[in-house]
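Going in written order, the chains are labelled A, B, C, D and E, and every chain counts its residues from 1.
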Amino acid sequence: SSASGAPAAKQDYMEWGDKYCTDKPVRGGYFRIASPYYIGAMNPNHFPVMDWVTMSYMYEKLIVLDGNYKPTIPWLAESWEYINETTVIMKLRKNVLFHDGSPFNAKSLKYQMEWILDDENAAWTKSWLEPLKEVELVDEYSVKWHFKRPWGAFLGTMASVPGFMISAQALEKDAAQKKSERITHELIPLRRKARAEKDNDKVEQLQKKITNLEEQLKKFQALAQNAKPLDTNPIGTGPYMLEAASTDNYITLKRNPDWWFGKSIGKPEMPYFEGIKVAVIPDPSVRLANLKAGELDSIVLNPVQYRQVKDDASLSVVTFPVNFLVYNIFNHAKGPCADIKVRMAISHAIDREALVMGTQQGLGRVASCMYPDDHWAHNPNLKPVEYNPELSKKLLAEAGYSNGLTLKGFTVNTPEAQAFAKAQMAMLEKVGITWKPTFLSITGMIEPFKKLDFDLFCSMYPWIQEPDQIATLLYDPKSPFNNGRSNNSKAIELIKTGRETTKEDDRRKVYLELEKTLADHFEDVWLFWPTAVLASSKKVKGFNLEMYKNLGESYSFSHPLWFADGRP
Amino acid sequence: MKNRTLYLGLIIIAALLVVMAAAPQIAPHDPEAQDLYHVLEGPSEKHLLGTDDVGRDLLSRVITGTRPTLLIGVLSTLFSGIIGVGLGLVAGYKGGAIDMAVMRVTDAFMSLPVLVVTLALVAIFGSGMQSVIIAITLVNWTGFARIVRGEVLHTREFVYVEAARAMGASGLRIIFYHLLPNVMGPIIVTASIAIGGNIMIESAVSFLGLGAQPPLSTWGNELRIGYAYLEVVPLFSIAPGLLITLTVLAFNFIGDGLRDAFDPRISQTFNKSKEK
Amino acid sequence: MTMQPLLQVKAISKEFPVYQGQVFKKKTYVTQAVKSVSFDIFKGETFGLVGESGCGKTTVCRAILQLTPLTSGAVFYKGNCLSGMAKKELRKVRRHMQIVYQDPFASLNPRTKVRDIIGEPLVIHKLTQNRSEYKDRVEAMMTMVSLNPAISGRYPHEFSGGQRQRISIARALTVNPDFLVLDEPVSSLDVSIQAQIINLLEEIREKFSLTYLFIAHDLAVVHHISKRVAVMYAGEIVEIADRQNLYGNPSHPYTKALLAALPIPDPQASYKDENAMLQGGNGVMEHHAGCKFYVRCPARRHLCQVKKPVLKKVNQHDHMMACHLGES
Amino acid sequence: MKRYILKRLLYSLLTLWLTSMLIFAIARILPGDPVQGVVMASHMGAVDNNVIEGIRAQFGLNQPLTVQYLIWVKNFISGDWGVSIASGEKVFDMFMKRLPITFELFVCSVLWSMLIGFPCGIISAVKHGDFIDRLLSAGAVLGLSLPVFWEGIILIYLFSVMLHILPPSGFVPFSDSIKGNLLSIAMPTFIMGTQGAGLIARYVRSSLLEVLGQDFIRTAYAKGYSEIEVLLRHALKPALLPVATVAGLTWGYVTAGSFIVEYMFAIPGLGRMGVNAIFSNDFPVIQATLIIVAINILAVNLLVDLQYGYLDPRIRVQS
Amino acid sequence: MLLQVSNLRTYFKTRSSLVKAVDDISFELDQGQTLSIVGESGSGKTAAALSLMRLIPGSAQLSGKIMFEDQDIVTMGRKALFGLRGDKIAMVFQDPMTALNPVLTIGEQLIEPYLIHRKMNRKQAFNLGIALLQKVRIQDAEKRMHCYPHELSGGMRQRVMIAMAIALHPPLIIADEPTTALDVSIAAELLELLKSITREQGSALLLITHNLGIVARYADKVMIMYAGKIVEKASKVNLYQKPQHPYTQGLLASVPKISADTGKKLTPIPGNPPDLATPPKGCAFYDRCPFKITQCGRNVPKLTKLNDDHEVACFAKEAGR
């Protein structure tokens, strides 16, 4: 591991120079982007967060992912080492300040982890830290992590939401404020009761309680002085900090002049934009229109919009793989799809190639299983299920459905999902399967899921990073998101093993095995891993597709963009 | 004069009905036949309007879309008309407490935004043509009820209604034989506006993703999908959009024409006296 | 006359609450349209009712036929009290009492063919067995009122006012009623058509021995057709007598005024009594205890303002009048 | 008069009560657990059942419906409109933030629809039967019959992408920049207003035709008025009476339109909040939105009814 | 001569046909004179009166000549026409219930002639309006100025109409069945009023009615109309004493008289008037006429002079003379 203080100059993600970009970066301008949703709560551990892109401008993680989605790149954590299966020692970056001026150090890290684990703070990420026993302070910039049992996903978790570092000072104030609010609420009925009570003993008891609470209240109120709720006043270490926010309308961020990273690599001009304006525009066509009208500098498009921009001379358009999975879930608990023959028949009936062609403008990679082909846990030996309607028909006949089969199901009600479902319907129809999906809003799906009132459901899983997460979520019978009620004992065993394996190579083997098991059982119909389209105005500089493909998010974090002449 | 627009409306609707009835015959392609390797293509000799997002022939889609679109427009209007007119007649004729009760309920329903209730009901019944029809009906009857009641309040004061009572006619007879035909004019106009309005509600519901379900395809749905590709295949949205507008126009023309035919007073012109 | 009257009107009063407001009506005040009106009508006679416009004549008709609930009083038909009769029974009685309305334009449903208008009472009371019998009856009625049965398929607006009034009469007669209320059946018609209708009415009355309650503005017409005549003013009967007595010997100042103002179609003739001409408007609400006619009365006295005159006999011919004049 | 207003108000309250039950019913029979829905929609990955249950308990979803209703009504009246499930924000605060925006949009749209609707209706009534009448009438129907979102995207391409006159979407608060504010609501206002304008034009036309056919118009001519004077002095006022009702209806139309327009043009108003809430079954917000819309429409109708008296003395209440 | 109408034709276009409401009529009216038009309902009386002020709908066809104070109203420009209406010619309309604007007060409507033609200010006009109301004998005139039409009785409304018509002392007043809906005592009162005003101001009065009693009392000259045409025109006395046209005779015969024997039937004219949209080829009265001769079915009779103040359009009369 590298020494503390100076960044490891040799690391790829820090490569910065003529090799990747010949232009010289310029500072200035507000970068205008769009999001379909307003960000939501701005404390990443609070509920809900709808826009993680904006979140990552304000908060930074301990560890970031490399091009293969592996948590290998030190970011706020400088280095780490497994001392044994249940202990990790971690060194932290020095001279990092939060936006409120408080320092990032071992204490703030420890406070944050405890804050997450404290039930009162209602952090939804709490369950992610379940294996964590304790964070031990070693010195100001080192901590020792103690686990309850071997924790394979530890690094992945720190490269994920709980790894977003938040100002401990702000967290503490936030918590204090919430507590004082709660106590105030508690006091009201108590006081009323005390006033109404006749029995002297009881009055005394109550009074005691009240005084006790009042003291606590005083303490928390003192703590909470000048507190601003984190949910609306994010305090991280990121390159940008919140400037203004208008719910459902926009968020503007301004440049963090004290950003540690630029300074640490001798480029204090980083980040280059004066600020970022994220407009909330729900409709994809309107987002595109905004870009075309020059009101936005860059947006991520749906693949279906690719045709509308690819020949536009005023835009630079790039496509790159994303770590999403588009797949169909079977109902394993009930109905015909519990039969593997039927699952195989369906899987063989779908022409994934054509699907990607027709519905994604060819942008997408035919999937063999759940981990994308550029993910470190991907099993390269697996081939996508072959399109073979004849075989499919034969399988159906074997399963006893020679006269056809009608399946229930549903999908999300976006136009893209509809096109997608329509295409699959037609393919299934060819082998004699009638699939009649209804189109529901996300909330609308919950009922049929609960009642298992479907056979085949068309879905998407985004942000496949830590392999344990998606595997547990989709194939662990206890998971609330295992909507297909998959219950594959071998897979369950492998998932458990993966979770507790800490050696990288061993873990990889486990996941390759897991993929193979799932594929062999035709557990789901994995369709493709999408490709994203990024369209930006020609003025936006600094994006190197090759490097991005190689380095993934570590590239985006370390290579901020800029405007050609400092203006949009 | 006015009749010309009535005829125009009738011709348009007649044409649409023909298209609706003969859709399978006149559609140049199977409207369901997909060609995923030729999606979103512009007009060509093979596909006069181009292809849609899964490579189906747009012209054939639009032609087969006539039926569900008109059905939604007409059926939901019919049903809401039946409920609304019935309640309006009773409330207006009976007056008093019944009127008060019916009108409070009507006002209550009326103060709910059409689109939201439709969305909510569609969410309950599941999306699909039936639920869209049910939903629109549940919301739209109020307009009929109000207008009919107002007209009845006015019409029931006519002497011929009392004359019928003097002859010994029952309430039911008066309502259906004497009142209903005489409030038909406003009902027709309301219905003609409502048919168009309902087609629009359906398209709005489709726009929010809860409209008719594939393989069924309404113009509203086509329009909603097509609008995402406005620049690539403009006809994808323009064709159904124009058709919706044309249909709504046609129904309004017919409504106006019929009202004029029903009501001699409307034929008066500026500064003209009442015909005696 | 000890004969049982066909129709007895006993002290009927009718108040109209005046409502205002579009959606939510509110009672603002009360109009006394008819106030304690009593009279009898005997079988076979024509009873005339005259009075200024808005004095409550139509309201009396509607009250008799139970088309509007009474505020007080009662109406007896052949000795049976109509007020408070069950709906079903009332509908049966209505077969025998029919009405012809003032306005031939408004009283016919504009969207019904003439044959169905005339035949409607048959349908309501289920008087015909089949379609052809129905058709025969309707055609017979039309012929009787001298309408060509060939035009039975037309709608009311295709007829002239006189023809429409005949349609109304035909409709009233289809069910062979005993008693017919004629509310200004000729007011809106010109003289020649008026004459046609009056002749028709008289013929029919003789033929079917009907009883009429006949209302008109035109005193000459009333004179022509009625046996007895009542004069109304502001909701009350002010004078009631048989024709000879009333026209020959009018007692109430209002009756006198009416007769005096009667225009005579002869340029050489002059008004009977210029002094009886009235001054001042009508319809102005008068809120004093006395006679309603007080303000306009050419013979008013102080007594009239404070004391209300009651209807009482002025001579032996059943001539009644409500005025202090007759008193000493 | 006072009594009348009071009574009228009472009726409105009665209606409101009925409406509130309807609204409550609608919000509660929407299928799907809002909490889980939000978790799924926010792509946050693994959340375990305890978290979901915890959030559910916060919203008192376990009590009987009648109790929930009563509590809701009580709280609503006392200004506690609950907390959004989707965002955790206080619903009341959310409203206060969005209300001015939607209100501005509403007022502008209604004004716009009157500005367009009235002249069109008047001209086409005066030119009854002429070519211009038919043109305007067709225009009015067209205004009614263009699907909002379609009109929207076409306008965006026309005015923003091609002509660069107007911003394609977004909302600039009045306090930031007056010009920016007006530009940002131009298209939404236009679209929402056109619908209302179509409606108004149609009704003004027919109501004016009705009035123009009446005898007193002839009387006015007989006095020596010219056409325009007759129109202004004698015809307009009585013709306005039925139109006032429609103005009330227009308000309803505009409300309906706002749901899509706000979504399209990314305007952070109540309509968009309502649509989002419906999709995520965020019932505290749904309930509040619907009840506010209902109050709004009822209030407008109340006003319309009350001002009838000023337009038409026949209805005027005598004290 | 104040008013000289020659060959006036007013045709209404309806959806299906052309209604010849007024078909070639000519007459004249001098200052101080009262001309009465009598005829069956639908014979074109109102249409003729409206034509005099060009108050007919734009779609109607108007032809002929209406010379009023040496100007032809038929071809007059719009401005001049607006100047004429209300100022020089005023009209009392048939139905006072509908002829007043229900949403404006009596006062507002009453003073309009002053505002339009005399350019007075409101206050002045208002005072004159009160005087007008007093003139038509409405009590509490000042209070009544603020009333709305529905707050007045029918008789009072009719008075307001008359007041409005006489406001500017027009040389010609047209009164179209001003008393049909009213009872005789009020009718008489109103007509007396109108008559006295014309007497005072020397205006000419065109009085339309179907009440022959009224004609007998108030008219100087009488015109009988039938199916859009004048069938007889005479001085009052001539007409009543020597009615020439069979229709006139029929009309006079159908009037019930109080003095008459009550047992006797009335004698109406048999049959119905023709449809104005499809007038018969010959005389419009042909079907109902007891004296018809063959010529009557073929040609339309022209109005011919019998003596100085008696004209009739009848072939039978011509032949008999």
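Side notes on the structure shown:
Everything that follows uses one rule, which is that contacts are C-beta pairs under 8 Å (C-beta built on N, C-alpha and C of every residue); 3 or more make two chains touch, one makes a residue touch a chain.
For clarity, every value in this text was computed on a predicted model and none was experimentally measured.
Hopping across touching chains, the smallest step count from chain A to chain B is 1.
The chains other than chain A, grouped by which ones touch each other, come out as one piece. Each chain gets a centre from the mean of its Cα atoms; the one farthest from the centre of chain E is A. Of the two chain pairs considered here, B-C and B-D, the higher C-beta contact count falls to B-D. Annotation: 21 Å between the Cα-based centres of chain B and chain D. Computed centre separation for the pair chain C/chain D is 53 angstrom, with centres defined by C-alpha atoms. Averaging C-alpha coordinates per chain places the centre of chain A 38 Å away from that of chain D.
Looking at chain D, one finds that residues 11, 30-32, 153, 157, 214-215, 218, 221, 263, 278-279, 281, 314 touch two or more other chains.
Of all residues in chain C, those that touch two or more other chains are 23.
In chain E, the residues that touch at least two other chains are 41-42, 50, 55, 98. By the touch criterion stated above, chain E contacts chain D in their complex at residues 50, 53, 55, 78, 82-87, 90-91, 93, 95, 98-105, 109, 112-113, 116-117, 148, 150, 161, 164.
Residues 32, 34-37, 39-40, 53-55, 123, 126-128, 208-210, 213-215, 224-225, 227-232 of chain B are the ones that touch chain A when the two sit in their complex.
Considering their complex, residues 23, 62, 65, 67, 90-92, 94-95, 97-99, 101-103, 105-112, 120-121, 124-125, 157, 168, 171, 175 of chain C touch chain B.
Within the complex, the chain B residues that touch chain C are 103, 158-160, 162-170, 173, 177-178, 181-182, 184, 264, 276.
Chain A makes touch with chain D in their complex at residues 38, 40-41, 46-50, 52, 122, 124, 126-128, 160-161, 231, 246-250, 279-283, 285-286, 289-290, 292-295, 441-447, 462-463, 469, 472-473, 479-481.
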